[in-house]
Every structure is written in C-alpha cells, then in structure tokens.
Amino acid sequence: MPKLLAIDFLLILASAWAAIGLAGLAAPRNTRFISKILFPLGALVALCVGGVGLCALGAPAETAVLGIGLPDLPFHLRLDNLTAVFVMLLGCVSVGISIYAAGYFRDGAGTAPGLLCLEYHVFLASMLMVLLADDAYAFMVAWETMALSSFFLVTTNHQHAEIRRAGYLYLLIAHVGAIAILLSFGVMTANSGDYTFAGMRAQQLSPFWASAAYLLALVGFGAKAGLLPVHVWLPEAHPAAPSPVSALMSGVMLKTAIYGLLRVSFDLVGTPLWWWGVVALAVGLATALFGVLYATVQSDMKRLLAYSSIENIGLLAVGIGLALIFHSYRMEALAALALTAVFYHCLAHAGFKSLLFLCTGSVLHATKERNLGKLGGLIHRMPWVAWLALVGVIASAGLPPLSGFVSEWLLLQGFLFSPGLPHSWLNMVVPVAAALVALVAALAGFAMVKFYGIIFLGQMREAALKDAHDAGLWEKVGLVWLALLTLLLGVMPATVILRIDAATRQLLGKGLAERIDDHGWWLLAPIAPARASYAPILFLVTIVLSVWLGRWLVHRLYHGRVRRSPAWDCGYFFQGPRAQDTAEGFSQPIRRIFEPMFRMERHFPSARDTAPYYSVKVEDHFWHWLYLPIARLAGWISTLITNLQGGRIAIYLMYSFVTLIVLLLVARP
Amino acid sequence: MSSIPLSAQFINLFAAIILLLAFAMLAQRRVLQLIDLFALQGATLFLSTLTVALTTGQAHLYGSAALTLVLKAILLPWILHRLVRKLNIKGEVEPLINIPTTMLVGLVLVIIAFNVALPISQLAHTITRGTLGIALAVVMLAFLMMITRRKAITQVVGFLSMENGLFLAATSATYGMPMVVELGIALDVLVGAIILGVFFFQIRDQFDSLDIHHMEKLKDS
Amino acid sequence: MISISGLIGQLFAIALALALAPLLSGWVGMCRAWLQSRTAPPLWQPYYMLHKLFHKDVVLAEGASSLFRVAPFVMFGCMVLACAIVPSLSTDLPFAPAADALALVGVFGLARIFIALAAMDIGTSFGTLGGRREMLIGFLAEPALLMVIFTVAMIAQSTSVATIVETLAHRDFYIHPSLAFAGVAFTFVSLAENARVPVDNPATHLELTMIHEAMILEYSGRHLALIEWAASLKLYAYSCLGLAFFFPWGIAAGDSFPALLAAIPLLVLKLAIGGVLLAGIETINAKLRIFRAPEFLGTAFLLAVLGLLVRLLLETKL
C-alpha cells in the first residue's frame, strides 16, 4: 500500500464532500436525514480538512497529477505552505458553519433540501480544489464550479424577484472577473504553451507584461473579493443567500480570491515593481473607507455585514499593497510583517464574520425580520445568540483581546516602519494612509455598535418579537465553535504566527519566526520586545480579574441590593419603543459628515401633507457613475445591432452571399 | 541628531511654528483673529531672523529683523485693523469650499511642498536647509487662502503671508538676502498693498460690498 | 520570570492610581471653581461621592439586561488595565511588555464600546443619543491619537510606552517641533476623550447637550460609582500618558520600592500643574456645538499629521 500523502488525503476528503452532496440527491425532501446526518458528516470532513492543512504547514510541498479532465490535459495539484494556510482556514471555519447549517435548514418554499445539500458540498469541494490547483486549467474549472454552485446557493429562495436579480448580478460580475483572471494567466504563460504554475514561475516577463498580468489579476480576483469598483454584487448577493451560505461566502470564498491574488503577485509573476503595491494600497484604502461608511448607514442587518466584509477585504488589499512595496525594495523583514498581518486578518475575519452572519441567521429564524427598524431587545429572548454575537462584534471592531485587534496591530506596526523606505514621496504618504486605516477601524466600531445595539439591545420595536426563541442545539454548537476560534486567535497570536510563518517564508524568503520564538507563547513581539510587544493574555486576565474582584469586593464591603423602576423619561411619559433611535437615526452623524460620499434621496414632509413622512434612501454612487452608463451603452449597442435583423429573407440571404464573395476575394492563394 | 547646534534647533522650531500659524490662518473663521495670527507670524519670523543674525553675525540681518518686527508684526496689522473698522467689514471670512476640505487640500500641498523641496535643499550648505520645504509650504498655503476666500481683505493677508514664506526661505537657506534684494521685495509688497487698498475702496463704492464675486458681473455678456 | 518585588511594585502603582484618580478630579474641580470665582468644594469631595454611591441601592430600569449590569465592571477593569500599562512611576514594571501604545488605544476603545452598548440597552432616546454621540467623538479621536503615537513612536523607534519614556527622558536635550505639534494635538484629543469643555461639559444637567453623561443617565448606586471612578481613572491615565510622552523626566528606571517612592512627589507635582492647566482651558473656552466637534478633532488630526511630516522633513538626516 503506497504511503498516503497529505495531498492525496485532501483529494479523498474532497470526494467525500461530493459524495455527501450526491447522497442528498437520493432523498431530496427528507429534511431530517439531510440536516441531522449529512451536514454533520460534512462538518466532520471539514474538521479533517482543517487538520490536514494545519499539519501541512512547515512540511515540504507535495504535488499530484489527476488524470481527470481532458486527455492530454490533466489536472496538476500542489499543496504548499500558502495553500495549507487557506486549507486550514477553509476546514476550521466550515466545521462551525456546517454544524450550524444542520440546525438551520428546515422545510419551506424554495430549493429542495437535497438539492441544497448537493450545491453546498460541491461549493466546499470546489473551493478546496481552487486552493490545490497548480495549473491554469484546473484553477479555472474549480473557479467556475465555485461560482456556479454559489450562484445556485444564492438563489435558494428563487421565488422572490429581488433574489433572482441579486443572483444574476453576482453571476455576471463573477464571469467578468473570471475573464480577467484567464487573461492574466494567459499573459503569464507568455506564449510558451505551458499552462502549469511551475511553468509560469519560470517565465521571465518584461516589466510591461508582468504589470499587465498583475493588474488583470487585481481586477479579476478583486471582482470576486469585492474591491472597488467591482463590489456591487456583494451587498446584493450576501443578504439574498441563506445565512450559512452568506457566512461561507463572506468568510471563506472571499479569502480564495485573496489567495489567488497572493499566489499571482508574490509567487507567479516574479519580482514586483513598487507601484504595484501603491495601486493595491490605494484601491484597498478606497474600498475599506467606502465599505465601512456604507455599513454605518444600512437599515438591513445582512447588508450591513456585507458592506463590513467589503471593508475588511479593503484592509486585506492594503496589507498586500504594503507587503508588495516592502518586497519590491527588498525589505523582506518588514514585508514579512505586513504579509503576516494579511494572513492573520484572513483567519480572523473568516472566524468573526461567519459568527456574525450565523447570528443574524438565528435572528432571522426567530423573528422573520431582516430590517433593523423592526428588531430590538432580543437579548432578553435570545441570550445565547446575543452574547456570542457580542464576541463577534468586539472582534469585528478590532478591539483587544480578540482576533481582530491582532491583525490590525500587526498592520499598523508595518505602517510605522515604512518611513525607512528609500522613496521620499512614499515616506510621507504612507503614514497618512495609516491614519486612514485607523479611521476605518474606528468607523467599524461605530457600525458594530449600531448593529448590536439596534438588534439585541433596547426595547422591542415590534410586539411580535416577544415570541422570539433562542437558537437550537446544533446552531449553538456551531456558534460556540466559531467564538472559541475567535478567542483562540486573539489570545495566542504568537503560537499561530509561528505556524503560518512557513507560508511567509515560502513567499518572501524570510519570516518572523526566529524573532518570535524566544519570547514564549504569551508575548507577541514581531521585531523586538523593546520596539513593540503585545501580551493579549495579560489583557484578558487583568480585565476578567478586575471584573470579578471588583464585584466580590463591592458585594463584601457594601451590598448587592437592586430595585426595578421605569426608565428616566424626562417627563415625557408617552414614550414607547418608537422613541429610541432607528437605524437611520443612529447613523445621522455619519450621513451629515460624509455627505459627498453617499447618493441620498430624501423626502421631507411639507406643511400641506395629509400623510407626512420622512424618508431617506442611501444608494451607491458607483451604480450611477459606472454600471448604469455601461448598461445603457450595452443596450444602445444592442439596439444598433437589432437593425441587422430586418425581417426580410432576402436580406439574410444577401448576408451569406456577401460573406462568401468577400472570403473568395480575400482567401485567394 | 544631537550634533545639530542649539541655534539650528531653535530656527527649526520657529519655522515649524510659522507653518502652524499658516495652517491656523487657513482654518480661521473670523477676520480680526486672522489679522492677529498674521501679526503673530510676523513676530515669529522676527525671532527666527534674529536667531540667524546671532548665529552668523551678519550685521544687515539685524536690520532685516528690526524691519520685519516693525512692519510685519506691528505696522501692517495695525493698518489692517483700521481698514477693517473703517470699511465696516463683518466678522466672518466666508470660504468658498468648507473649512475641513480646505484643510485637507492644504495638507496635500504641504506634502507636495516638502517633497519638492527635498532635492533642492540638498544643494544648500546651511544647517537649516530643511526649512526650505516649510517655507515653500507656507507660500503654497497662503496662495490657497487667496484662492478659496471671498472677502478681499483675506486676499491681502494671504499675499502678505506669501511674502513671509519667501523671507523665511531666504534667511534660512542662504542666511539672508543682500539688502538691495530685500528692500526691493519690501517695496513691491508695499506698492501691492497700496494698490489693493485703493481697489478696496473702489470695489466698495461700486458694489456696496467687498465680496469679490460681485466683480464677476464685469463681463461683456 | 516576574520577580516578587516587581509584582509588588506593579500592584503599588495600580493602588496609587486608584487612590489618586478621584483626587485629580477633585483638584480640577477646585481649580475650576476658583477660576470662576466660586467657592470650591473640598478636595475630598469625589471620595465622599463614591462612598455615598456605593451605599445606595441600585435602581435598575425595567428593560435593563445583563449587559447593562456587567458594563460598569468591564469599563472599570479596562481603566485599571490602562493605568497599569501607562508608566506613571517606573518603566520597569512587569506589565511593561504589554504596554504598547496601540494596545492602550484599543483598551480605551473597548471601554467605550461597552458603555455605548449599555447606553443603548435601556431603549430611551437619551441613551441612544449618548451612544451615537460618543461613537462620533470616538471615531474621530482615534485617528488623531494614532497619529500622535506615530510621531512619538518614530522619534523613539518604538511603540512600547516604556521604551518611549526611556528614550525621551534619557537623551540629550533637543527641541523637537514635531513633539510640540503632537503635544497640542494630544491635548485636543484628551479633552475630547475625557468629556471636557470644549467638547462636552461634565457638569451639565441638560440632556440634549450631554455626550458622556447621557450614556450613564440610567446608572445609580454602585454601578454609577464604578463608572465615575473609571472616568477619573481615564483622566489619570491620559494625564500620565501625556506626561510620559512629553514630560517624561522623573519616572524611575528600576522597579525597586525606594525608586518608586522617590518618583511619587514629582508625579503629583506634574499632575497638579496639569490639573490647573486643564481647569484653565475649561474656563476660557465655551462648549462647542456638537457638529463643530468633528472640526475640532479634525484640527487635532491635521496637527498630528503635520507633526509627523515636520519630523520627516526636519529631523531625519537629509
């Protein structure tokens, strides 16, 4: 029996997922079988995938060749350290999501559960194949499968027109991106006919073609990740999909796009130029600022989280840009710092964003409401979901001691060392970019306070919310898994970085490990302790100890009596739940300060209105600047072309006749 | 860094304060406070020139310093105060674009000025050649103030502030200009101020207000 | 490993912070009263108030959740951590490795989020008003504070506050214009973060003008005592941070008990002078309209960036 390599094991696990999906087809309407047996099996497979990814970090790269596909065009697969990081991410996060999904999917209108099971597990398997692919052919096949299966997942509730529209937009932009990626791969093969990644690595491209490949990859992978200006599908598709699917898309699928971008810019295309990093930095900053500003003004809880995902993708692009700048100037130690920040943020974001989306899924189940204006006070009826969502909210706002803070800290440390660059303009502009990153992080805190406060706190804005129920057992287990993951990433950063450092070393030649190693698991000091150090366990222990000690001391020395009374109403005793802030009201300061960034349609009542109302609608500028003009252009060209369809048969025969004559004239020997 | 002598540190400090005052003038909403800030800028310029004079021992720089103090810190602000009272100009400055945006544009200009000045200042031989970038930034900020304000009085203050920046550049980069050049520039500024003052009265007589947008009516169509 | 003397020193520094913080608030209140020609309350007034509040029953609103009851303790814990991290007496205490300036900003942010969420918990218009305004001030103050830290960290080549203090206190005297800019910006930011005039009036009784007070409107008894104590600890931490960045002379370099004791008089003197200056600023300025506060903080941000640029231009070798 030949020795089983890790990559073979992963292929077996991928086929296991496909088999689970097909098993779902056998009993398409049997919800109990699918949700209580198949999804937990899928979670088990995901656990193994995560484990294999973890073990593969630091091991030498393994390759495999799969004979499927066309004859003479086999799939090449490869498991190296970069892939292993993302495989680990995929596995660990999908465990939680699959367990949650076991409790989430119930009977109802829309796609049959068996079909859903097939699409879901094919989606997971295709993402794994994207990560493993080692040539352009396998990559594109897996990429397309991923896009198609996620399209079907997004349109699960296809009886609603706006969900169909969201799915269509998603598929459209996914294919635009796929074309750009294909062109990028084409440029990188440089006419040699060798479409494997190993062949692309060996090519020596001129700066023009290397830049072309990089920019095409940025556009193509950016379309899948949600960078400006090809982000418009994200706020439509994520809310339209069922919550576990949104979590999977936001947490894992966006990271495969980041994986692709990293693979192209650090591995395949050779030594980068400094301005590539500047482009990524600028696009990333614009995306992050845009995403977070729009997140603060949303009225739909899932759209808010979708825009927050756009913000985090922007931050990832900022990190990639910074790493590219350092790499192009051969400042490898600093590039390693920035790249580690990127990897860590991928892991952290996958964890907390999935947690938040799954919590909204529970809220949706309990209340059937997505609109923030009809929620409120749910912490009383759904304590488990509320407290686990608090973990996600604190991590998303980038606060210690959870995972979001570590990646932000590493990124800011990278920015701090940028004035050592040999380029004077970059020296001055890049620290200002750091200030914008801090602004984005602070605005993310605003958006998260709005999200949590309006859904879970305050008074219930609708009477029906009193009947809300807490999450079921399966859902709770999934949420707790993801919360524990977030906590672990926050409290033990040094251990995690030591493992993923193998990927940094592979891409850059240098990592952070040798410096971190001597300080123990509890201190993170990426350069030297005297320069910058962070001990999250100390934070956690001190805060918990102070809380506990404070409570004990106060109750010992004084007393613990409590009385209940109505809230302070300043004499206005007609106040009800409608007196507290609406979602739009909470974000009014942001709308006022950042007015040019939004496209707002406002309605104010006049004195003569018999049914006065206030309304404000916030729309995306990019729709009106970019997409609607392109759509109008496409429509105009189409109407021109319809002129060819005269309707008379003589005209059609003449087309063939003229073409024949032209060919005879042109193709003379 | 500790090898830089104390006098050069002081000159750097004064240059930084002048830049700060240029920014403060850009952010200022009230006309009277604007003129006071300009006076303060002149006083700081006097201190800076005095320090250069003490360090290099050039006699004519003492004269320049005295001239700066008398003209820029005392006489011109007093004249401007009288003008404001006589023309009964109301208190606010009336910017064209709002103040936060103006400040952001000013920041970008500062970055441009610093980067443009870096290679040039490498050619100079003085210890305080870094202040060339600051001087250029002050000139550009003053220019920005002239462009983005409506009231005619702020144009004058901006024009005079530009001259402050030029003077700073001269004293710090080359340790002072020849007296002839300096008197020439001072005369230019004086004549410019007189002409602008004449214009003020003419504009106010014609349009009953000092808002320069009324001058847009002076077109053929 | 952590030595016993180091641990005792650290606990002593924390206990000193807990004891001195209300005294600092009392001193600022006294100076304000003198400057406004009023009779001043006694210096120990904040202690009397804390004692009174701890004795009282907690009166909870009917809709309050468990988050509302936990938030004061969490805020108190965060402020204790902040005071432990900022080197007020010595730079060599065991918490020094965790004393990262960026992490400190994060701890303040954590306290702010908890109290803003607690404000939204009651579900009245005042709570959400306070929460919204506090997050508005917060998101503008954070970039400004970060730029200040960047400027200072670039001079000291480190973000560890302990290292910054050691570098700035023990080098030759050198005038840094960038530090002057950063200092002014830091003053603006700490006025905003500690809810002082001109951003917020801590003595106001009109709900519509409140920012910080509106969030704690529903708190009473021991919860309110903890929040007031935490607010004075925040002022203490910010003051010590400002002293550490801009006036670091006098902070001990070792962790022996005599060294810590010797550092106390200078600390008290510096804090007293700071208190007088704070009272002066509060008396001279009027409270800003709420939408002028973003401009105020924007000015602070621009000053900090200007300080950074001036450092890059003037103070690095050409």
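When the chains are written out, they are named A, B and C in that same order, and each has its own residue count from 1.
Heads up, the rule we're going with is that a residue touches a chain if its C-beta (ideal position, glycine included) is under 8 Å from a C-beta of that chain, and two chains touch if they have at least 3 such contacts.
Keep in mind it's a predicted model, so treat the numbers as computed, not measured.
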Exercise. Name whichever of A-C and B-C has more C-beta pairs touching across its two chains.
Key: A-C
Quiz prompt | Per-chain CA centroid nearest to the all-protein CA mean | solution = A
Practice problem: Between subunit A and subunit B, tell me the centre distance in angstrom, where each centre is the average of that chain's C-alpha atoms. | Solution: 50
Exercise. Could you give the separation in Å between the centres of subunit A and subunit C, each centre being the mean of its C-alpha atoms?
Key: 36
Self-check item: Residue list for subunit A, restricted to those that touch at least two other chains
Solution: 428, 432
Exercise. Can you tell me which residues of subunit C touch two or more of the remaining chains?
Key: 294, 305, 309, 312
Exercise. List, in ascending order, every residue of subunit B touching at least 2 other chains.
Key: 107, 111, 114, 118
Self-check item: subunit B contact footprint on subunit A (complex, rising order)
Solution: 424-425, 428-429, 432
Self-check item: subunit C residues touching subunit B - in the complex, by the definition given at the top
Solution: 171-172, 174-175, 177-178, 180-181, 294-295, 298-299, 302-303, 305-306, 309-310, 312-315, 318
Practice problem: Within their complex, state which residues of subunit B touch subunit C. | Solution: 1-2, 4, 9-10, 12-13, 15-17, 19-20, 23, 27, 99-100, 103, 106-107, 110-111, 114, 117-118, 121-122, 129-131, 133-134
Quiz prompt | Contact footprint of subunit C on subunit A as seen in their complex | solution = 376-377, 379-380, 383, 386, 390, 393-394, 397-400, 405, 409, 412-413, 415-416, 419, 427-428, 431-432, 434-436, 438-439, 441-443, 445-446, 448-449, 452-454, 457-459, 523, 525, 529-535, 538-539, 542-547, 550-551, 554, 557-559, 561-570, 575, 577, 579-581, 585-586, 588-590, 592-593
Quiz prompt | Residues of subunit C defined as touching subunit A within the complex | solution = 54-55, 57-63, 65-67, 70, 73-74, 76-78, 80-81, 84, 95, 97-98, 100, 102-103, 106-107, 109-110, 112-113, 116-117, 120-129, 131-133, 135-136, 138-140, 142-143, 146-147, 150, 153-154, 157-160, 163, 207, 217-218, 222, 226, 291, 294, 301, 304-305, 308-309, 312, 316
